[in-house]
Amino acid sequence: MTTDGAEESTMQENEAPDMEHAGAVSTQPAEDASRASAARVNVEVRDIHAPAVPTEVVMATEGMEVYYGSFRAVHPVDLDIHAREITALIGPSGCGKSTVLRSFNRMNDLIPGARVAGTVRYHGEDIYAPDIDPVEIRRRIGMVFQKPNPFPKSVYENIAFGPKISGWKGNMDDLVEESLQKAALWDEVKDKLQDSAFALSGGQQQRLCIARAIATSPDVLLMDEPCSALDPIATLRIEELMFELKEDYSIVIVTHNMQQAARVSDRTAFFNVDVQEDGMRTGQLVEYDETGKLFTNPSDPATEGYITGRFG
Amino acid sequence: MTTTTDTQSGAPQPPRVGEKRSVADKWFRRGLAIAGGSVLLILATMLIFTVIDAWPVFRHQGFSFITSSTWDPGVSRTEVTGQYGALAFIVGTLVTAGIALVIAVPLSIGTALYLTQVAHRRVRNPLTYAIELLAAVPSVVYGLWGLLFFVPTVLRPAMDFIAETLGGFIPFLAPPVITYNYFAAGVVLSIMILPIITAVTREVMSKTPASEVAAAYALGATRWEMMRSVVLPRARPGMIGATMLGLGRALGETIAVAMLIGGSKQIGDSIFKGGQSMAGIIAVTFQEAAPENVKALIGIGVVLFIITIVVNMLARAIVLLTGGHVTGDAAV
Amino acid sequence: MSLATAPPGTGSGLRTRTPVAAARKRKDRLMTGLLLLAMTLALIPIILIVYQVVLRGFGAMTWNFLTSTQLFSQRTEGGGYLNGLFGTLYMLVIAIIVAVPLGIGTATFVVEYSDSKLSPVIRFFTDVMTGVPSIFIGLYIYALLVQGRVGISIGFSTLAGGLSLSLLMLPIVARASEEVLRLVPDDLRNAAYGLGARRWQVVTRTVLPAASSGLITGSMLAVGRAAGETAPLLLTALGAFAIVFDPVNAPQSALPLIIYNEARGPFDAAHTRAWAGALELMLLVLILTIIARTVNRNSELER
């Protein structure tokens, strides 16, 4: 289990620009010839992933484990989510990445028998402390799901739902418009605000769900495979949207699509399945690093195996 | 050999290409069709024969059969000599059914919400089963229990209290309280229809898409807010169907109501006065009734039959159209 | 108010109890409490009924009670409801003989021959039939057979009572059987067709046997319902004080009928017996239900 190396590598970058992050894989130094296997993945790494200054940590886990009853779903995880960055969680199915994501906004509480050990901090506060109300957590940490799940109400009412229940008193029309603008959906629905959300296409519905989530003014957005139910064009639009959203929100995205993680994220955490003697499959954080580094020069052989398609 | 699948119900049909159906097949199918057709025959003859039997009274009374409340049976074997205005019994049926719904519907919805959204999964099944047990208690036992225990011991003090405190402003709650009255019958009736309304409502609520529930929680809703904005709106059409099914059951219930409603042939001006229902008057006066009286009672049966059938048909249509399903022992 | 200036994302905001947040929490607790109250109120009657019937009926359900027939006077103590039990069982047998084959036949036609135009019509009206008031069924049988409209007149009798119970059971058996038959997987039917079976053989040799335990369960539950019915019997069987063997032209007794009559009278002795009778009746229904569920469970264990 590797600890988060993000802090150290950030320090290094201050001193010298890192050649490994410059563009496509083909410009790698010769020592990485063995890494040419990474070229098979066709990973296109952007250099905007190189953060120049140390960034604020908005969420952090310390030794977080998740249990369903007596079954341990995830080994202790130490993960820092940095502000206004996109952090991707990748790994084969069953590795616990969605479980980890759901722990960030206490959605696991809804599963009977689910229990979180260790600490999960949001701006320094332990969100699982007994006097913390999960309702308040979920207002501040929004979530977008795999399959778009708008309410059977109008576009307007979907967006207004979150603010309304938290007792928000302001100009709702403005808030709805702002949210839709931020989700790059306003132009397409501005004349259809009273229409049913189901009249929108799949990609539009997902952007509606994003708008709905940001209407409650969260500062963290959790996205659980948000594009897996969408066609490639809709997927691309959401990925472009994520770059815009990054300016205001810290995004954590679970994806089974490695190329997406490489395209979109600043940091990537690779999870793997650890099969124990009794057959129990527990998820484990293997490596967490800046995306460029993880995909071109992974430290752990399991990571390399996954990103080169040898398993998963 | 290929088989084609029927699009309606999914039971595969035999191949039709070039195969001559055997004689056995033909007669087997005919036999089953006759069995099924017996239902249609029975329903049709039910309506026809009873209307024919009651016709002399209908002709004699005309429309006043359902608008007049003068019920004064005669004793003739050949003619219609009495007065047969059934309004009092129609009112009795409707009032008791109404009271039963007012009590049972909120309780059922609350119970269904509790069972589907709040209860721990370990207690969910036992509690659900306990409610369904109510449907297995025979009607006459409800009547006995109500007559000899529940109404005199538990309900009477409550009725006295309500009549004393509210009877001043609300006319139909006025005293004096007769022990066995519309209200008593209505309360016991509500217990009897609780299981079916709960069962159907539960079924509809359990079909709430989990993704919408998750969406509401992820936006920071409390459990009640989630129920109010996701579960209830989706369940509303089904709840209407469930209520109508309960209404149908309440309209047709005979024995328990007959034992508790008091047995007065007049329309009471307070729910704490006695009355009689359509099914009740038939049950109670049939055995001593002269032939012309019997015809009139059959006539009341016809009216009851038509009302109940219409309500039931509407109810099932609503439940089916809104994706619900009437299942379980309580629902039959 | 723009999004950028909305309540900031800081940890400290989590603990601040804004009035709105507190009110929402209160409302959530209040509504949960109300739902719990509804659940409790719904549970109280069944507990009360079972408790009262057992409490008052158990002492009175003596061996003498179970084996004696009715006394002619309600006022006198003693006697039993044996004539009622006998009549109930007698009429139930008739009802089963008529309703179960007809009901299963109807269900089989609706499910296995759904290609027929008649099938959805029958299904719909079977549903409608479940809503027919039981007293009306009594009136129908009275008009048809007790009085005699189509030439036959059997008078108040066991047969009339049994037939009215069968009409009550018919739609229940049909509905329950229909659901069971639909559960039989199509693979089974296809396999039989694939082996060259004719349609009637597929139904009788494959589908019905596969569904048999469910069909029995459904029928037993219908019998349980019919056992407790009073209203139709008031108009068809009428009631009797002794054990009656004649199926026609002789009024028959039934357990629920006696309970009904004894409960409504003013005599304590009758009331005591009525509670015992109620316990006896509920035990009968319970036994039938247990048999029904055991048959189902056993067949599931076999699989």
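Read from first to last, the chains carry the letters A, B and C; within each, the first residue is number 1.
Heads up, the rule we're going with is that a residue touches a chain if its C-beta (ideal position, glycine included) is under 8 Å from a C-beta of that chain, and two chains touch if they have at least 3 such contacts.
Computed from a predicted model, the values in this text were never measured in an experiment.
Trainee: Taking each chain's centre as the mean of its C-alpha atoms, which one ends up farthest from the centre of chain B?
Mentor: A
Trainee: Find the two chains joined by the most C-beta pairs in contact, please.
Mentor: B-C
Trainee: Could you state the distance in Å from the CA-based centre of chain A to that of chain B?
Mentor: Spacing between the chain centres: roughly 53 Å.
Trainee: Per the centroid of Cα atoms for each chain, what is the distance between chain A and chain C, given in Å?
Mentor: Chain centres of chain A and chain C, defined by C-alpha means, are spaced 55 Å apart.
Trainee: Quick one: report the Å distance separating chain B from chain C, using the average Cα coordinate of each chain.
Mentor: Roughly 14 Å, centre to centre.
Trainee: Which positions in chain B are in touch with at least two other chains?
Mentor: 222, 225
Trainee: Which residues does chain C have that touch at least 2 chains other than itself?
Mentor: Counting only residues that touch two or more other chains, chain C contributes 24-25.
Trainee: Can you list the residues of chain A that touch 2 or more other chains?
Mentor: Each of 135-137, 165-166 in chain A touches at least two other chains.
Trainee: Enumerate the contact residues on chain C facing chain A in the complex.
Mentor: So the residues of chain C in touch with chain A come to 1-4, 6-15, 18, 20-21, 23-25.
Trainee: Can you check the complex and tell me which residues of chain C touch chain B?
Mentor: 24-25, 27-28, 31-32, 34-39, 41-43, 45-46, 48-49, 52-53, 56, 101-102, 105-106, 108-116, 118-122, 125-137, 139-140, 142-144, 147, 149, 167, 170-172, 174-176, 179, 182, 186, 189-190, 193-194, 196, 198-200, 202-204, 221-222, 224-225, 227-231, 234-235, 238, 256, 259-260, 263-264, 271, 274-275, 278, 281-282, 285, 289
Trainee: Inside the complex, what are the residues of chain A that reach chain B?
Mentor: My answer: residues 105, 107, 110, 112, 135-139, 142-143, 145, 147, 149-152, 161-162, 165-166, 209, 212-213, 216.
Trainee: Which bits of chain B are touching chain C when the two form their complex?
Mentor: 1, 3, 5-6, 8-15, 21-22, 24-25, 28-29, 31-33, 35-40, 42-43, 45-46, 49-50, 52-53, 106-111, 113-115, 117-119, 127, 130-131, 133-134, 136-145, 147-150, 191, 194, 198, 222-225, 227, 248-249, 251-255, 259, 279, 282-283, 286-287, 297-298, 301, 304-305, 308-309, 311-313, 316, 327, 329, 332
Trainee: Looking at the complex, which residues from chain B come into contact with chain A?
Mentor: 120-121, 209, 211-212, 214-222, 225, 229-230, 233-234
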